[in-house]
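Two complexes come next, and they have one chain in common, subunit A, joined by subunit B in the first and subunit C in the second.
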Partner chain A sequence: MEENSKNALVIGGGIAGIQAALDLADIGIKVHLVEKKPCIGGKMAQLDKTFPTLDCSICILAPKLSECYRHRNITLYTLSEVQKVNGSNGNFSVEILKHARYVKEEECTNCGDCARICPVRGVSNYFDADLMTQAAVYIPFPSAVPPVYLVDREMCVYLKYKICGLCYEACERKAMDFTQKDEIITLDNIGSIIVATGYNLIEDIDPLKKYGYKRYKNVVTALEFERLISASGPQEGHLKRLSDGKEPTKIAFLQCIGSRTDRGQKYCSSICCMYSTKEAMIAHEHNNELESYVFYIDMRAGGKGFQQFINRGKNEYNIKYIKSKIAEIKIDDEENPIIIYDEVNTSEIKQLKVDLVVLATCIIPPEGIDSLANVLGIELNEYNFIKTKPFYPMETSKEGIFTCGCVHEPMDIPRSVAEASSAAAKVAEIIKEG
Partner chain B sequence: MSENVEEEPIRIGTFICHCGSNIGGLIDCEKLAEYASTLPNVAYSEHNLYTCSETGLAAIRKAVEEQNLNRVIVASCTPRTHEPLFRDCIQEAGLNPYLFNFVNIRDQCTWVHMKYPEEAYEKAKDLVRMGVAKAARLESLDKIIVNVNPSALVIGGGVSGMNTAISLGKQGFKTYLIEKEDELGGRLKNLYKLFPYDQEASLLLDELKSKIEKNQNLTVYTSSKVKFIEGFIGNYEVEIEQNDNIINLNVGAIIVAVGASLFNPFDLFRYDGKTRITQLELEELLKNNKLKANNIVMIQCVGARNEERVYCSSVCCMTALKNALIIKEKNPNAQLTILFRDLYTPGTIYEEYYRNAREQGILFIKYSPEQELLVEEDTVKVFNEYLGEEITIPYDLLVLSTPLVANDDNKSLAQLLKVPLEENKFFLEAHVKLRPIDFATDGVYLCGSAKWPVDITESITQGLAAASRASTILSHETIEVEGATSFLPEYNRNLCSGCEVCITVCPFKAISKNEADEIEIRQVLCKGCGVCGATCTNQAIVIRHFTDEQILSEIYAFGGK
Partner chain C sequence: MEIANSKDELEKEVKTFKDLEDQVVSINNCCACGACVAYCELQEFNIIEMEGYNPKFKSEKNAENCKECGVCFYICPQTIPLLDALNGIHNVKDELGNIMDLFACRTTDAVIKEVGQDGGTVSTILRYLFDTNNIDGAIVSECDENFQPIPKLIYNKEDLLKSSGTRYSISSNILPLKDFYNIAPEIITKQKRIFDVDQLRIAFVGTPCQCRAINKMKLLNVKPAHVISIVISLFCFENFDYSKLMELLKSKTNVDPSNIKKTQIKKNFFLTSKAGEQFELTLTELNDAVRNHCHECDEFTGKFSDISIGGSGAPAGYSMVIIRTEKGQKLMDSLLSEGNIEKYHIPSEQISDWKPKKINLFRRMISRKTNK
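This part shows the complex of A and B:
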C-alpha cells in the first residue's frame, strides 16, 4: 500500500472522535488524536448501560479504547489542547499544548501505590460526576486509557509547597516526575481536521433551581444517576439515596430540564426520552418492585428499535409515562421529593411523592468551544454548536475542517458513530486525492 | 516461539474478569481464580476488575512473558465482542492467537442466573474447568490472506447510495452504482422542497448527478437489478441485469442503499387519493402548483406506532410541518391543523422549525390512539385532551402522514447477500450502536432508509459513512480472514462417501465438488460455523478450533468435576 503523505488530526476522544480516528487509521492514514481530559472515552465511558439493547457501556467501549491506544496509525495526546492552527485545506500545521501529567507514561503500570500513599484526600473526581473523591494522584477510572496515573496540580502539596513527595518514594518504577512541564508540540503535514469535542450538560444552578437540584439531596441529574447505578461508580452498583442510603422504590424521571423552554435552551436534547427509559429499566433490574414515572412533553423515540424499547418499558419494567408540565418540586420531612405537575391528558394539577428525582438536563456545547472555534477559524450557530449545513452535514464553515457528534447537534451513540465514519470519509477524500 | 508451542509442556494462564459487578457482583472471582490455579496444566491464575482494560491486557502480556505461558484463558463477558481483542493481545505477547480460549461466565452464567449466586459460582467453576481442558488441546492456526479488488458495488441510486458512490470515487476506487428505476434520485425525485431550509429537492439532486457524471471512477447502471452475488470480502462476483442484458462485475465491497417504500393507507381514514391524500401526493400537488384547498387537516402516525407497525417513522412530523409551512406561505389565509400524538422534532434546527410552525398559526392538536379519530365526509372529530372534549374540524383536504416501510424485495436481496433483516424487514446491522453501518458479513455495508427510516440529512451522513467503512477494506491490497475453518483432511478423504449433505447445509456456499468429484471446502468462504462437521455422516470433516477431541475434552472435564 502506498503511504499517504498527509496525516489527519482528530480533536476530541469521545466515541465520535475514537470512531473517526479508527476508520482513518484502518484506511491507512496516520492520525493524531487529541483529548483534553486525562483519558479517552468521553461521556460514553461514564454511562452504565446503553439503549436500546442495554449493553454495558464500558464493556462495548473498552475494546475501542484499547484499539485506539495500540493502533500503529494512531498517536494519542491526552491532557492536550489545540492552541494554534495555520495553513489551509490539504496542509494545516497545528500547535498542541500538552499539560504535564507528572507521571511518566511509559513507566507507570497503573498499580496505584502512589494514590494509596498520597496524604491528600477529598479531591473530587469528574468521572464519577464529582460524587466520589480521591487522592491528588489518581486515575479517572480503573480501566482508563491510557492506563496511567496523573497528578492534580492544584491539589498536590508537593507541586504547591514542595513538601511531601511520598508518591515519588512509593513508586517502584520511579514513574513520578515532578520536573515535567507543559509542552508545545507542533504537528505539520495535517491534510484535514475533524472536530469531535462532544458536549456538556447544564450545570448552571439557576435553571435547575426550581427542581430543587443542589438544595435537595434526592434530586440528581441523569449523569449522576448513571454513576450512582454503575458497578464501577461510587455505590458499586447498589442504588441508594444520597440523603439516607435508603433504596428507592419510586423514581421520577423529569424530561426537558432546561431545554424546550424560553427560560433555558429552546432546542430538544434528542436523547433524554430514551436514556431516561433506559435508566428506569436498569433501576428496575436492581429492584423488581420499583415504580418509575417519566414526566415528558413529547415522546421522541424515532431511532431503530426505540419505540419498541419504550413499549417494553411500559409493559415489562413498570414505567408510567405522564405527559405533563412540571410546576415545582418540594420535599417532606424525610426529604422525599414531591412533584407538582400539570397533567396534559386531564388538565389537572396533581402531586406525586417519590423517593428520588432524576433530571434529564439539557445538552449544551462543550466548555471552551468559543476559543476552539476561534483557533480553528470556524463558525458556531446561534446555539453555540458548530455550524453545519443540513445537506453537507460534516462540513464546517472552513474547508478541510469537518465535525461529527454532539459538538454540532445533540445526538445518540449510533448517530455519533455513523457521523464519525462519515467525517472520516470526507477526510480520506482529501488525503487520498492529495 | 509460536511454531513449536505444541511440543513444549502446556502452561495455561487463566484470567478471571469481574466485569465490574456484572460478574464480580454475583460470584467470588478471587476464589474462582484460586480454583482455576488448581486445575491441570494451569501455571498461572489471576483476577481483574476489567481484563479487557489496557491494565488487564498488560497483565496478560506480562504473565505470558514472565510465566512462560503458552495457552491463555480469559473467563469473562462474551467472545462475540471481546475474542478478537484477547487474540491480538496474546499475539503481541508472541503466541499464536488461536492458543487463546474464551470462557463465557457473564452472558451465559452470571447474567442468566442472576438470582442464584451459589449455583452460578458452581457453573462458573464447571465452565472454567472445561475451558482449561480444551485449552490444553488447542493448536496454532494461520489466518488466511486474501487479495482485495479495490472496487465497490453500490446497490440503490437514491441520496444515500449516490453519496457513497461519490465519496468512494473521490477516494480513487472504481465504483458501480446500480439503480432499478430508469434514472438516479430515489425518493428525492418525488419531493418538492426539503426541510429545514425549504431548498428545492431538484437542486440537491442535480448537484449529486453532476458530481457523479464528473467522476471518472463511477459507472452508473440504471434500470438494473442484481441477479446473482457470489464471493467473499475483497472478491465478489456480481451479475447485474439491465434491460435483458447481463453484466458481470468483480468488486471488493458491496453497499446496500436501497431505501424504503411509503406505506399505502388505502383502507385508513377514508383515503381516496383526492380529498384524502398522503403527504407524498400533497408534494406532487405543491410541485405542480395545483393545490386548491383552504382548510387542511393533517393526521400523523397513520399506520404507525400501532400494534402492527410499532415503530415511529421519524421523518413524517418534519414532512408535515414543512408542507404546512409551504402552504401557509403561499396562502396565508389557509387553515392548517396537525393532529399528532408526539411531535418528533429532535435537536436544534428541527425544534426551531416546530416553534416557527406554531408561530405561523398552524394549529396543533394532540390525539391519543385510545380516543379514535373519526373522519367524515368533510370533518374530522377528535377528542381534544387539553379541553377534555370532542371537537369537530372541517376540512376540504385531509393529508395522511404515513410511515416509511421496508421494500418488498428486501428479502430476496438479503438472501443474495446472505445478510439478515429485522422484524420490520429493514436490513439488520452488525451492532446497533457501535457498528451501525456494517453488516455482520465482512465487506458488506448498509446505509440510509434501507436500515431504518431517516431523513435526507441522515441519509447523506450514512451514505458517506458507508464509503468510509468500505474504504477500510478497499485501501489494502490484502487482508486477513478467519483461520478457524472447517476442512477435509487428506487422512479422512476415504471416509467421505460423497453424500453431499455438507454442500446442502453450508449457509455460506463454501463447499462444492471439484472436477474429480471430490468435496472441496473454500477456506476463505468458510466462517467456521461447524454445520458441515456436525452433519457429516462419516465424521470426515474436521472443524479447526472445534475438533472432536477438543469438544470431547470439555465434556469429559464437565463430567469429571
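This part shows the complex of A and C:
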C-alpha cells in the first residue's frame, strides 16, 4: 500500500477513539492514539454488559483493545495529553505531554511482583469506581492494554522520599525505571484530528447529597453498580449490599439524576433508561426472585429494538416502571433505603422500601474539555460539549478537526461506534487526498 | 547518607534495620511500639522480631537478608525523617500541637463507668464506633492475670471491656498488626459487607510515641497503617518497664502483681489492690522503672492524633479530651449529641480561665518532662 504523506491523530482511547483509530489504520493511514488514562478502553471496559443485546462488554471490547495495541499503523500514547496544536486542516503539528509510567513498556510482563512487594496499600482504584484498593504500583485491571504496570507518583515512597526501591529489586526483568521523566513528544504531518475524549459523570463534580450518596452505603451510582455486578469486579459477580453483604431482593433505579433539571444539567443523558433496564435484567439473572423498580420521568427508548427491550423488562424480568418524581431518600435502622416519591399518574405521595438504590447519574462533558477546546481552537456548546451542527454531526467548528462519541453529546455505544467510523471516513478523505 | 549509584542499582538513600539499631535501639531510645517489626513481618521478609522491649535481627544470617528498603527507619517514631511533614499535616506549631477544642467529659454507661480509668471516655468512643459500624476492629491493650498489658487487635465490641483501665507499663500496641492479614479474613467472615481486606477500618489507641509511629506510617501509606481509620492518643507522662515496676511496687506496697486491681497516676501514683487497700507513691520513687526513651520524650498529650485523652487536669471521674482534627471533632460531637458521654459543666466563676489553666498545666507537664 502506498504511504500517505500525512497521519491522523485520535484523542481519547475509549470505544469511539478505538473504533476510529482501527478504521483509519485498516485502510493504511498511520494513527497516533492519545489516551490520558494509563490504559485504553474507557468507560466501556468498566461495564458488565451492553444493551440491548446483553453482550459481555469487555468480551467484545478486548479484541479491539489488543488489535489497537498490535496494529502496525497505530502508535499508542497512554498517560498522555495533547497540550499544543499548530497549523490547519491538512497539516497540523501537535505537542503531546506523556507522563512518566516509571515502568518500561517493552520489558514489563504484567506479572505483578512489583505490586506484591510494594509496601503501600489502600490506594483507591479508579477502574473499580474506587470500590477497591491497590498498591502504589498497579495495573488498572488484569487485562488492561497496554499490559504494563505503572507507578502512582503521588503514592510511591521511592519517588517521594528516595527510600524503598523494593519493586526495583523484585522485578526480574528490571522493568522498573525511576529515571523516566514526563516528556514532550512533537508530531508533525498530522493531516486531521478526531476528538473522542468521552465523558465524565455527575458524581465526579456533585456529591449528590440529596440522594444520600456516600452517606448511605446502599445508595450507589450506576457505574458502581456495573462494577459490583461484574464478574471481574470487587464482589466477583455476587451482587451484595455494601452495608451488610446481604443479597438485595428489591432494587430501585432512579432516573435523571442530575439531568433534565433547571438546577443541574438541562439536557437528557440519553442512555440511562436503557442501561437501568439492562442493569435490572442482569441483576434478575443473578437472582430470579428480584423485584426492580425504575423511577422515571419520561421513558426514552429511541433505538433499534429498544422499546422491545423495555417490554421484555416488564414481562420477563419483573421490572416495574413508575412514572414519578423523587422527593427524598431516607434509611431505616437496617440501612434499607426508603424512597419517598410523587407518583405522577395518581398525584399521590408514596413510599417504597428497597434493599438497594442505583442512581442513573447523568453524563457530563469530560474533565479538561475547556483547556482541550482551547488548545484545539474549537468551540463548545451551551452545555460545554463540543459544538457540532445537525447536518454535519462529525465536524467541529474548526476545519480538519472532527469528533465522535459522548464528547459532543450523550449517546450509547452503538451510536458512538457508528460515529467513530463516520469521523474516520471524514479524516480518510482529507489524508488520502492530501 | 550513603547514595548508591552504580549502574544497575537504584539511586537511593540506603537505610537498613542496622541504622535503626545503631541510632535508636543501641542508645536505649526505642519506645517498643513495634512499628518496625509489624511492617517487616507483613512484608514477609522474616528478618526482625521483638525481644522484650527491643526489636532485633532474628539471626545473624537475617541481618544479611535485609532488603534495605529503609521503611522501618523512616516510620520509627524516634527518628527525624518525616517529622517536619508530620508537623505540617497535623498543624503543630508548639509543644502541645493543634488544639481545636478542649473539655472534660465522662461516660454515661454504668458498666464502663465501673471499669474505665477516669471518665471511661476511650471505651465509650470505641463502643460507639463499633455500634455505629464505623470501625471493624480496634487495637487496644488488655491485661493478663499479673497486670501485664497485652496489646491486641479486637473485632468484637464484647472484648472491649477487658481493655478498659490503664496499665502503666509498655505495651507494644502496633505489634498486633503484624498478624493483620491473618486476622482480617476472620473479621470479614463476621462483617460480610467488606470484600477488600485493605479497606477494613481499625481504631488505634496508644501512647503519643505510638501514635507518632502510626502517623508516620500513614504518611507513607505503608501497611499496616493504611487500615487505621482513627487515632486516639492517651496522655503519657512516662512509661514503665513492667518487671521493674512490679518489683518496685511489690517492695514498696507488698502487693503482688496478680493482686493489683487498678493503678492511676494523678500527680502521684495510686495503687488499689484487689483486697481494696489504697497506696500512694511519688513518681520519684518509681523513677528507676521508667524506660529510658521516656526521658528523651517531649510529648505528653499526643500531638499526632485525632483525639487525645487522659486524666491529667480532669475533675474526679472525668477525662480530659483534646480534639485535634475535623474527624475527631465530628466523632465527639456525635457521642455528645447522642448522649453517650456528657461534658463537665465548668462552674460559672471558672469559665473564663478554665481552658487556659488546663493548657498551662499541660505545658508545665511537658517542661517538667523535658527538664528532668
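Here are some notes:
Keep this in mind: the second predicted complex is superposed on the first by the 430 of 434 C-alpha atoms of A that agree within 3 Å, B and C clash if a C-alpha of one lies under 4 Å from a C-alpha of the other, contacts with A are read in each partner's own complex, and residues count from 1 in each chain.
Keep in mind that, in the parts below, contacts are C-beta pairs under 8 Å (C-beta built on N, C-alpha and C of every residue); 3 or more make two chains touch, one makes a residue touch a chain.
This structure is a prediction, so every number in the text was calculated from the model and none was measured.
Applying the stated clash criterion after superposition on subunit A shows that subunit B and subunit C can sit side by side. When the shared chain is aligned, no partner comes close enough to touch A:N73: not subunit B, not subunit C. Residue contacts after overlaying the shared chain place A:Q180 against neither subunit B nor subunit C. By the document's definition of touching, of the two partners only subunit C reaches A:M132; subunit B does not. In the superposed model, A:C59 makes contact with subunit B only, not with subunit C.
Of the two partner chains placed by the overlay, only subunit B lies in contact with A:G303; subunit C stays clear of it.
An angle of 150 degrees, to the nearest 10, separates subunit B from subunit C at the C-alpha centre of subunit A in the overlay. Once chain A of one complex is fitted onto chain A of the other, the partner contacts of A:G122 are limited to subunit C, with no touch recorded for subunit B.
This overlay, made by fitting chain A, leaves subunit B and subunit C with a least C-alpha separation of 16 Å. Listed in rising order, the residues of subunit A touching subunit C in the complex are 117, 119-123, 131-133, 136, 155, 157-158, 160-166, 168-169, 174, 178, 217, 234-235, 240-246. Against subunit B, the residues of subunit A that register as touching in their complex are 1, 15, 19, 23, 26-28, 50, 52-53, 55-56, 58-67, 69-70, 109-110, 142-147, 230-232, 236-237, 260, 266-268, 270, 298-308, 311, 323, 344-347, 381, 383, 385, 390-394, 409-411, 413-415, 417-422, 424-426, 428-429, 432-433.
Residues 19-22, 24-25, 49-50, 52-58, 77, 81-82, 84-85, 88, 92, 167, 170-172, 194, 196-197, 199, 204, 305, 310-314, 342-352, 355, 366, 368, 385-388, 422, 426, 431-437, 451-453, 456-458, 460-469, 471-472, 475-477 of subunit B touch subunit A in their complex.
The touching residues of subunit C, counted against subunit A in their complex, run 8, 10-13, 15, 39, 43, 67-71, 73-74, 81-82, 133, 191-196, 198-199, 220-223, 226-227.
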